[in-house]
Amino acid sequence: MTTSPSTTAPVFRNHQHFLEEFPKTGPDTLAGKMLRHYWHPVCLSADLRDVPYPVRMLGEDLVAFRGLDGKVGLVDQRCAHRCASLVYGQITKDGLKCSYHGWTFDSRGRCTDMPLEPLNSPAMQRVKQVWYPTQEWAGIVWTYMGEEKDTPPPLPKLDILTRTDGEIVIERGDIRPYNYLNFIENFADMGHIYVMHMLEPGKVPLELEPYVNHTVDTNWRTMEHRTFETDFGMKCVLVHNTADANLKYVNSWSIVPPGVYRFGGIHAGLPPDFTNDRRESGGILRIIDDTHFEMFRFQLIRPGNFRTTYYPVPTDKTRGVAKGMQGTVEKKDYDTRKYPAWEGLPQVEDYVLQESQGGIPPRHREHLATSDIGIALLRRLWRRGMEAVAEGSKPKLPKTDDHGIVHVDTFKGLAHPDEIKLSPENMPSSEDGRGLIRDEHGELIFGKS
Amino acid sequence: MTTSPSTTAPVFRNHQHFLEEFPKTGPDTLAGKMLRHYWHPVCLSADLRDVPYPVRMLGEDLVAFRGLDGKVGLVDQRCAHRCASLVYGQITKDGLKCSYHGWTFDSRGRCTDMPLEPLNSPAMQRVKQVWYPTQEWAGIVWTYMGEEKDTPPPLPKLDILTRTDGEIVIERGDIRPYNYLNFIENFADMGHIYVMHMLEPGKVPLELEPYVNHTVDTNWRTMEHRTFETDFGMKCVLVHNTADANLKYVNSWSIVPPGVYRFGGIHAGLPPDFTNDRRESGGILRIIDDTHFEMFRFQLIRPGNFRTTYYPVPTDKTRGVAKGMQGTVEKKDYDTRKYPAWEGLPQVEDYVLQESQGGIPPRHREHLATSDIGIALLRRLWRRGMEAVAEGSKPKLPKTDDHGIVHVDTFKGLAHPDEIKLSPENMPSSEDGRGLIRDEHGELIFGKS
Amino acid sequence: MTTSPSTTAPVFRNHQHFLEEFPKTGPDTLAGKMLRHYWHPVCLSADLRDVPYPVRMLGEDLVAFRGLDGKVGLVDQRCAHRCASLVYGQITKDGLKCSYHGWTFDSRGRCTDMPLEPLNSPAMQRVKQVWYPTQEWAGIVWTYMGEEKDTPPPLPKLDILTRTDGEIVIERGDIRPYNYLNFIENFADMGHIYVMHMLEPGKVPLELEPYVNHTVDTNWRTMEHRTFETDFGMKCVLVHNTADANLKYVNSWSIVPPGVYRFGGIHAGLPPDFTNDRRESGGILRIIDDTHFEMFRFQLIRPGNFRTTYYPVPTDKTRGVAKGMQGTVEKKDYDTRKYPAWEGLPQVEDYVLQESQGGIPPRHREHLATSDIGIALLRRLWRRGMEAVAEGSKPKLPKTDDHGIVHVDTFKGLAHPDEIKLSPENMPSSEDGRGLIRDEHGELIFGKS
């Protein structure tokens, strides 16, 4: 808090000014400064072997490396000496050595060797390489790029990655050529599920058909659609009617700012409700720069889950980068679009439409409406965070428990009206991602406390 | 006319200022505003099937579609809701539906559905998608992108496309990476024929040799070279001497601003005069943006014309886009130019030299001379049109007859001196493109009224 | 000299300002003006055959051609008439004829033909094409692009190219995507040899092993490292100790500004000293623009030299342009860098690190130290030259002898302390590039005067 906020000029001249600043990521931008109050994923621990690993983070070109002592460093790619790239450096016992003239930097940017200078040259004290602290947890290398990098806040631990009741699968490498907020806004937007992802819904595998509840009402206008700011960030909730007036189908989607998304484990993001397919799903975005991000997807697969439905290797070919990305619609030879025949797979659908909004969408041309309440809440959170940073304080960080764990609401399932909490509070059984699972007769199968 | 033009600052500070503004096409430029007073081709009617058709016009990214009712729409690519691309929209009975959230727009940009909003949401009245009127005629979809789009002027009908005495062949798809005026100026410039297209003239097919009049004098300095502003636009005329002092060879090339070009039907643009090869030829440019345009070529092929000489499929491989475009000169392996061995085919020659002038040529470095009178007239017409628009009136539109048809002078052939009209008026028999055809004895074959 | 330099504002506001201007090459920049006081290589004489040869020089797009009379011309690519490219011109007896309208320019930019204009049109006198004088010498076409192009200074002849005691091999075609000073500064920087080029030193071929002097001390901190401004430009010298206190190993690297580099003939730039591998080496850079240059390498190969070690054709595949450039280190499939496994070949090492500094390195981020004295001298020379040009005089040009030959110090070899000249003067026997060659017993083999 500043002492005299009333005399300060407003952070944003108007909403349009906020919308322009909102998607920026660089160190000299207000949004970029806000992003630097959070921990970000860099790569998998397994990615760091015996060669330097180039990585662009929030618009900064960095290089990660694992020293011979096993410690992870993350420093500016450009050597402080004569601008050569440390991407071509050598990993030594002292840190990362520039191959050009041998200047060596440890994981805190201190120069530990200048082989062409006199021993104990004062230049070694004078020269510092830009560096950022790192932490390895859950198989991921994380970094904190904020001003308080010498004493960063603790890394918040995502609940799903602490789970031991199944196999955690982390996938990375899907790099997308547009701003990360195109993706995050898509996640705060439950309505698109009922338009886009129902265009050409993939068939339910035959063996799942018995578990489908065909009485869930998928008509948007009959659902209750709510959004909540929560202590972890925000969530969007839909409550569907079913044939049984005493049984509702609840679906929650959650965001831990700036880059974590979580949802109940389903393979298509849609009802129906596959009792045996209760995989926990979600991911975290590595923000590369204003117009690129990388996805780190994670899933918890428990005994009984259908293994075939988590993102399989063949999906990589049909998803994402390549021109001619193909869904389940047959390609026509007169289809001149960049992505012909794109409909059918939700991941492909999201990719194509998010990319189509533009590297940074021209938001001044938007017309939001009532179904955009998730988008609106998300922007309020970002705006409040940016304003806090502009005034010298911090954005809201996710609340953790005594073990440093963030608990995220991901309830998805059937519930009786009196069991439903339409509030910032997590729904019961949310922590195992299964919701209150009932069979077709309304009998509680999972979620009994 | 403005009421007080005398007190207005001049539209152009100087000729250099005009030359800079001259090639622009965008909606915020003076030249772009002028271009928006004309109808432009969008695509062939046959291009619009059951998927949206992305099309960039005058610097604007649009999408064309044929609704289920058969009507053609042309709207902004970016959905007014949240900037997603309507290129990935779905064609419905109500128009084009954005796949992201289902907002649907008809061919006049009116929103006909918002499936995630309450029924009869006032947002449906408030939101308008940018749209342009279209008209289908002669197998082509045309649009009018001017301010008067609600009540556009009638589409001027090109005479050649109304003809019924032969087969009209329309070809499109040759997209060129430079400003459309490089092409149109080339067309107003008859002199280049006698230098560039005579570099390595294609051999006359043996069966045409009997029809060649070898007495036509192709020495530029002996020809009469005239240009005329006409009621359809402008034309350039050359009068060649022949061995017979009482017989001239007349060649007219015409332009209907901004993008139609017409010439007498010949396969190489050169004398000699092939009696049986009187195909009518020409085309219209689709102006994509400042540095791209697409060619829509058309020809009228009548009984007796040599079918082999209209642009055949194999020509597409040797023409246009690809590096290594090849004419009739043998490629040398030490030829390091972008287009080696380019000489020999007039279309290739025009392409290579027009592209070589630059995306937008630096016209301030030009030195025009007496043979550039066609260029000079063309620029006067454009300048006058731009000045009219700057002053709130309209550029000159092509004159049409009672049936809305534009008659364009394309006389090419032998004529007695007293038959030649060196004036804005069309030459006799110009309407069938054959000129006054005479045999080698000067006897009139065609063109008798 | 200007008359009142004391009242003039300084040419550079500060060192940072100089560093920004230093790498520029264009005609409107101070550094570019300085570069235009020197002769530059254009292409090999053999490159000019019967088609025009496009060439970009110091940011200017030019075309070289050999007229039918054998004389070489170098003119602006853009025809003065209507901006068409003379790259597609025709070589005639009068010069280079634009294919578009036939305007023809001789090697001094004079218009010799305008076939579409009246005979003796005054336009022919009025129009001049930009041209530069050329000179062919030593199999290379050279040009002078300075203001005094009508009376250019004599072309300085590099001593190595005048030699007759071996075969001179000139190679060109290695075009690099970064500023030429990345390369030249690398050459003024002897220290990098002892770090980078010793990372994974290539094995000495077995047959050379007997000639290696393993007693040469390659520890940088025990060497004497000196730099000298010379009458040809500058040189950097290292004096190594050997096991014999009375025998030193001397290595000189020389630069003739702006683009000539010279060193004693060795295949890797390192000790040891291969008695039989005394090839003379070096090269000259063709400066294309701010971020591109082409290398013209030359070597003098004398009887007894190992032919296999000059740049062989297969090297072209492993060097330079292609991603996946490979040295002697085995490529790992998890190596995500642009150039994986790059270590091992000095040429590849230099390429990779120079490119990694950036198209134009952000020199304001540098921290120079004591081992950078070569860099510092080089920049002083460039700065002094740029200041001279700013004040209306000339930069220092290389001194030549009575035959116009530049003698460059390239001494490399063993010498007794009293024979060593650590001064701007050339070392004895430098002119044959062999240094004072001694056998393992210190007996003089070459270099006896």
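Order of writing sets the labels: A, B and C. Residues in every chain begin at 1.
As a working rule, a residue touches a chain if its C-beta (ideal position, glycine included) is under 8 Å from a C-beta of that chain, and two chains touch if they have at least 3 such contacts.
Please read all numbers here as calculations on a predicted model, not as lab measurements.
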For chain A versus chain C, which are copies of one sequence, does the interface use mostly the same residue numbers on each side, meaning over half shared, or is it different?
different
Rotation angle (°) superposing Cα atoms of chain B on chain C, nearest 5:
120
What whole-number Å value describes the gap between the mean CA coordinates of chain A and chain C?
50
Within chain C, the set of residues that touch 2 or more other chains is none
Along chain A, where are the residues that touch chain B in the complex?
185, 189, 191-192, 194-196, 199, 220-221, 332, 334-340, 342-343, 349, 352-353, 356-358, 361-363, 365-372, 375
For a test of understanding, state which residues of chain A touch chain C in their complex under the given definition.
47, 49-54, 78, 80-85, 87-88, 90, 99-102, 114-119, 121, 123, 126-127
